[in-house]
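A short worksheet on the structure shown next.
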């Protein structure tokens, strides 16, 4: 499983509907509307690197209301939880 | 449940051990070592706002190897998963 | 009571009317037009986290004249004043 | 009454004790430990401009644990509350 | 007398006429077109804080050709000159 | 007369004494301790460009308590005042 | 052989087609769509400095979908590979 | 002779023609199209400060294709060459 | 094969020896000393994501002379060259 | 001839002596102490790219008093002057 944290700024007036739209995108497990420097943080959990590439360079480009994104791809995950089983990615 | 995404830069040479230490802190469910502008992204999932305050203003201040942090507290979560049950917060 | 400090830049020519409009939004107790890097600082004092979420992600998005906002949610308040009683939040 | 919002970054490990020390400084009515780009936000409410000058250029310089500050002095306050009476400034 | 240094970026092609227009605004004693990160620096010298507020939040908003401004309000002045008499403010 | 606006950040704890020291430097007519992104703004008014060069590259380098400076040299001055006579530069 | 690493941000929705178009430009050997602060990284490997100049100041200016670029020209290459033969530049 | 280094970003697609136009402006001795954070660096060598002022605040404002400029005016020149004679300024 | 472009700033005086040391690290195929905002650009070409993680979070942390790094991991490569065969990764 | 504009910040107190030291380095034709965001601008005019590489990655690293540098290498020069003859580079 490949994880990535995607920092997103929405276009003016679009935070709420954008968050809902993103949460329905396959491969995105959670979307947080946040306080601070960015509007939304999306967590991607996908089966492999090709899927992450598809998600970031193609899928996110098609979604309306995104102003800009910055993807932080995870090199390693440290957790007491078995995230892979919990999110049943790629099954 | 209150979620927060914490962007963390480690002190030089400290990324790996810091990630392991953070992953054991109660309230932090996952730590990602990431490519890009920050070294680590920690996800906090705690029972209430008081617990987040304690985690960010007290606990993280005591951990060695942190250079700086920026906490993005989540106002709302959008997910097809029942994150609260999955991470059994506050039990 | 949840407090948040909201740093706001107004659209060109909109500082004064925007400040007046913001000051009437329920949940916002004070709006300061300020010198320096931001045009306005609004202080939100709401009953709970859900109300802050509603205020920041929905209400502020509907108000005209805002260029961008950055919300600093308060984890803890230190004051010799009893702010909660003073601002009678959520009554 | 002159109001100012002071954005403060604490030195490493100093957030909590600094917040407590600041809250006791005459002229500072509230200190918020916040999520986001700054560690603390202090609100100054003083009798006149001379007092703000004294607070920012002298008093804050003597307090330990401050890394840097940025003062946003308020040009005008918009509020449905009578802040001046509430905070009994200058008495 | 309240002094403030106002850093101003002009809209494209507007530096010269903007400088002339600003120099005629009551309360602005000098306008410098400068090398470096900003196009113009205006010095405001007004009778009291209310006048500065009026100047920055109302008057400057009405002037054409301003791209953005950042006001640095002076807390204290150190000078071997008697600036107040020299600029006869508020007379 | 050559004018320059010098934005100055002081070293920790040094704002007040630095302002006083700067105000005594020949060629500096005024020093403002300011709210906002910089600690001090000094205005230099000197007889010619050579004097400004000497002031910025030599004199300011010898003064204790300066963290960093950014000099905005004035290309042109717009003012209803006769600044040159008022500040009697080069006498 | 002159190498240069070109950091590129694409216009909204243009990442994928832009990457394909860039990869066909003579002199550009590889285009990477990347996570992080930039959308694309192109590696230019050309016969001489004149060719790099032509590529950056003329060719890239004609390609649609580029928002901005930052060219890092290589002063020296350190590699166990014989890059010049491998990429047969300028033949 | 007054020298100034002018950092220039061109509007999209305009680097090459802008460089040529700038190189013909009296007072600008050289224009470099550069790799890195800026598109062009122009070197101004003029007879006096008034000429620099005219060049930067009037002439450059009339030229098409400039996105933004930042002028670094030279306080002093250190060179084994006699630049003034070489560039015969003010003749 | 996973590619990553690593932007590196060296510690003062360390550019040349650091470039040589990096070029010998398994997984790093090329190191460019560059003009511009960063000192060095290293290209990593490794067999899989685990190897990139090991390289960035462990190996680079052990190398002397690095001030800071920013890793841009490649989601997709566009090239007329068969990079994988050329660099014989993972053999 | 290869030209490069090198933006330099000096260490505290070192501007003047650093400028003099740099002006004596072979390959550097002029050093300007400047107003604005950088302390010094050096212009390098060398015979070929290898010489620029040697200058930037080796020579400048050995000079005391430099805080940081950013090299803008010139891709093309536009000038009514014959700079190559004037500066007799590579003789």
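Some observations on this one:
Order as written gives the chain letters A, B, C, D, E, F, G, H, I and J; numbering starts at 1 within each chain.
To be clear about the criterion, a contact is a pair of C-beta atoms (placed from the backbone, for glycine too) under 8 Å apart; a residue touches a chain by one contact, two chains touch by 3 or more.
Keep in mind the model is a prediction, meaning the values are calculated, not measured.
Between chain C and chain G, the least number of touching-chain steps is 2.
Chains that count as touching both chain E and chain H, per the definition above, are F, J.
Listed candidates were C-F, E-H or B-G; the one reproducing the B-I interface, defined as more than half of contact pairs identical by residue number, is E-H.
A rotation of 180 degrees, rounded to the nearest 5, superposes the Cα atoms of chain D on chain G. With centres defined as mean CA coordinates, chain J is found 28 Å away from chain F.
In this assembly, the C-alpha centroid of chain D lies 46 Å from the C-alpha centroid of chain J.
Each of the following residues of chain E touches two or more other chains: 19, 33, 35-37, 53, 56-57, 70-73, 75-76. All chain pairs that touch, listed by label, are A-B, A-C, A-D, A-G, A-I, B-C, B-D, B-G, B-I, C-D, C-E, C-F, D-E, D-F, E-F, E-H, E-J, F-H, F-J, G-H, G-I, G-J, H-I, H-J, I-J. The touching residues of chain G, when paired with chain B in their complex, are 35-37. Across the interface of their complex, chain I is touched by residues 3, 5, 19-20, 22-24, 29-38, 41, 43, 70-81, 83, 86-87 of chain G. Those residues of chain J lying in contact with chain F across their complex are 12-16, 19, 33, 35-37. Residues 4, 53, 56-58, 61-62, 66, 70-73 of chain D are the ones touching chain F in the complex. Listed in rising order, the residues of chain J touching chain G in the complex are 2, 49, 52-53, 56-57, 73, 75-76.
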